[in-house]
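The first chain written gets the first letter, and so on, giving A, B, C and D; residue counts start at 1 in each chain.
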């Protein structure tokens, strides 16, 4: 579903992504682990198109999308959530979801009629709100809901474009352990045909949610395999725990 | 079309002279922007103020009194503006700043009219710089050469200050990342204040220098504002190289446009600006990579 | 996204009633002033649409208005096209020009966008100013007004023309509200708050910006074509950047992003200018100082200030009333 | 007070004050703010001076209503409507820029209000756009420049380079000079129109003039541009080899002192200079200096003669719009500029043109009149209008 081939990216002399090749099957849930500065966020930006690689290519559903801009990749089914809050604070939860859904249905660029009132948009909003458990908050303004809800909501907005692949950048960062657990359940309940690629710091999430795990270190893939294998890997422990102490 | 080399040398000097006048104006504006992210549309009005002060002082104490005191007077105006308005506007968005300085244009325009009247003033070229010299086989007015030399001298001095001195390093750090500069213990407020005043003084100097060449009228500030803005947008906001490059491009395009295609001369420069904005929206030499 | 509040409705009704009363009772000069206000209000509506709801602070809307005026003048006087058709043509031409400017400027933000629009505006100004075809500095005269004699209306009468402009301003306001409430308008507001996010959701941001800028340009062109009919004479000064600057001043004076506010600002600005210029020829000074004071006060203009002070109170009182009725209904249901 | 109490502002409906039978309401439409403010001040002072000095000659009294056009045609039109429709003035005077005149022309013509133009010189105003209600007491662009063509050929100058700002007035001034100059056997070896009000540096154009092989340069510039031009011309040292001629606005007494020594030796033609030697002018200069402390410019005399013309017209007993318009078309009198009359075929003034050289005098620069070229009426230029009714 999503594939990278020998992705390379450097900023001046600093090589941040080296020869990264990944392949995600349809419905696969993969977690990317790695210490700070391992190049996880850069990889994400290369995938969604906010950065262009120096070499290598990105394939979505078998098609080369390396040359496509962010918006076009998004319309082909590549959606992402952000680590920091990127929502429209002044609007309600429903309006936020509707805004995203309207882009997917095309109502978001239409001149006539309120995009949020179209049946397709309403349907998507209702469905997504159910999926990310936002029903009680639909009419609240984003600025009024709690931090944890906002994290859920961030995923909801990304889901509202009906993606094939959802990329999530540390979806549970800053959330307490109990809420994080609930968040994992939420992710597991998402439709199975949705492909997930999650950047994480938190090992627990990786083991709760992931089908497969990739570990990055200094921009290179140093591990690619099943969670059980990762659990036993000494290499992973070294890299990961070593930096854990730094952080 | 006359083709003798003297003609083109003369035009090249004319272009250079115009460029340097614009450089004196744009450098202040662009560094203020680079450092403070503040667009001072009233910069042209400060230039007009400099010209008026120079004209007024010239009748009392001769040209050089005006030349040296006009920048001081305009810097004084800068202090007033900075402490009264600009400091409080620092955190506002670009629109609020554009509007406050737009209001300042209005106010300064009428203030000069109230003080100096509606009739155009003018001052004579000082005797030291009067007349012409022969250069590359052409006669060229000394005063215009003086403007060219002054422009290059100011450019060299600023380049030196920016590269070699501590305050220059602070300014470069501030342009690069003002939050970081503040963390490094640089007194950003004071830095802003100094740079703003120097920028104003340079605008005043440009006014004093232009006064004997042009006529001193209340709307001269408005007339020069658009060319100055074009210069800094083409050059890239915030950088010394951008200001000099933009000035030279403007000066040469304007001069040779006037010679070769007078009908297109004024549209040409806007078309160039539009092209730069399409290809390099941040200008040719932006301060930040 | 634009929303009507009780306060905004109140202000709208007051404005409409005030303008209508003036249109019916004012003397000749009053009618001139009124029409000037109505046309300026139309221009600042267009500007508020892009600046207040899309973050695109334009310094070329005066020039766009001028393009509309010149397009109408040329189509009627030189091409001999019937005024209503020429009006449509002027709107289309200005819209297209604005769309191109919006598309090119879409990549720039903040001060760069302001400068880019300034450049395009000045380009139009210089061109018109120097082209003998457009009458150069002396401008063009003999521009006809639309003939509504079939409806028994003589637009050459100042009063009829003022009423005509009032009706059209109302229609334009309605159109602006509809645009801002459409899917496009919502997306625009999304772009203003977080462009990167909207792009990541699959929105072609530059298209949205260009489309709305084009629509805003159509309104500006409409205002221009009407102002050419009002004065029946046009000159390049209409396209100068100070006109755009003044329009921006009016938007800020009235209240950015409120649509109603800028219209109040237009009335305030024109009346103030005339009052002050009557007392002194140094009216720039007064307007300049006032502008600085308004911006420094950090209120969102006149209407923003009113909203901050009374809007919430009015809203609360109204919602109290509705809640009471809701509660009564619930009790009766039970 | 700038405006009268009558000017009910904003939205109040003005009440028309009942005027006494002989009181004539005069609307002065001038750009008190903007680039032409200095011109307005001179025109207004001249106008007032004439009313003070000659007002007693007529039984009529005058009430002045002043409106600022801001040099903006739309503003001017609104103000003109106010004066005509609301204040119900009997006559209007003023108008500095041709653009403003073009804007108010149809209104004035349609409403049948006499307008005495006190500056704007576009040829069309008394040509294709002429109106029986618009009388010009200032000049026409062609009129000032036309006599210079043959005169320069007479002085032995046959090759000329011309320069002017690129706008209608600039082109009209140069075109009319070119026409008579070439007809008299002269040759234009080069011609440039500089971007109007946007040219700071004339250097590029001066270099072209120098390289053109001309014997002299003929230009039209006014105001701030005139100052810059004359000074830059001198700074390049062109005056010696390439004498500077032009339309007299270039070295107008309003600006000449700002130009300083650079203006010495420049020879230009204009309808008025303060040094014209006749008793009317001597009296006028003295009175104007006493009133304002300034030497009168051509703008001052235009304002002065505009008011003189109005007084002359009222002497015939005319008091209402129609009779005033009719009387204005037949006005003639001796003024500081010499013998003036209105050509009833175009309603433009017929006046002598003075060729003068700017020279150093005792108290600064002064004007030495070299020749008085006889007054001729402008060609019709497509003007057709009803003849004067008696």
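One rule holds for everything that comes next: contacts are C-beta pairs under 8 Å (C-beta built on N, C-alpha and C of every residue); 3 or more make two chains touch, one makes a residue touch a chain.
Here is each chain with its UniProt name: A = Amino acid/amide ABC transporter ATP-binding protein 1 (HAAT family); B = Amino acid/amide ABC transporter membrane protein 1 (HAAT family); C = Amino acid/amide ABC transporter membrane protein 2 (HAAT family).
Since this is a predicted model, take the numbers as computed values, not measurements.
Under the contact definition, chain B and chain C share the contacting chains D. Taking the mean Cα position of each chain as its centre, A sits at the greatest distance from chain C.
Among the chains present, the centre nearest to the common Cα mean is that of C. Averaged C-alpha coordinates give centres for chain A and chain B that are 49 Å from one another.
Centre-to-centre, using mean CA coordinates, chain C is 39 Å away from chain D. Averaged Cα coordinates give chain A a centre that lies 75 Å from the centre of chain D. In chain D, 37, 166, 195, 198 are the positions where the chain touches two or more neighbouring chains simultaneously.
For chain B, residues that reach two or more other chains under the stated contact definition are 113, 266.
Counting only residues that touch two or more partner chains, chain A has none. Every pair of chains meeting the contact definition is listed here: A-C, B-C, B-D, C-D. Put simply, chain D touches chain C in their complex at residues 2-3, 7-14, 32-33, 37, 68, 70-74, 77-78, 81-82, 84-86, 98-99, 102-103, 105-106, 122, 166-169, 171, 195-196, 198. Contacts from chain D toward chain B in the complex involve residues 35, 37-38, 41, 166, 192-195, 197-201, 203-205, 207-208, 211-212, 223-228, 231-232, 235-237, 254-255, 258-261.
Those residues of chain A lying in contact with chain C across their complex are 48, 50, 69-72, 74-75, 79-80, 82, 86-91, 95, 98-100, 102-104, 107-116, 157-158, 160-161.
Across the interface of their complex, chain D is touched by residues 22, 25-30, 32-34, 36, 126, 129-130, 132, 135-139, 141-142, 158, 227, 230-235, 237-238, 271, 274-275, 277-284 of chain C. Within the complex formed with chain C, the chain B residues making contact are 33, 37, 39, 85, 88-89, 92-96, 98-100, 102-111, 113-114, 222, 226, 229-230, 233, 237, 263, 266-267, 270-271, 273-274, 277-278, 281-282.
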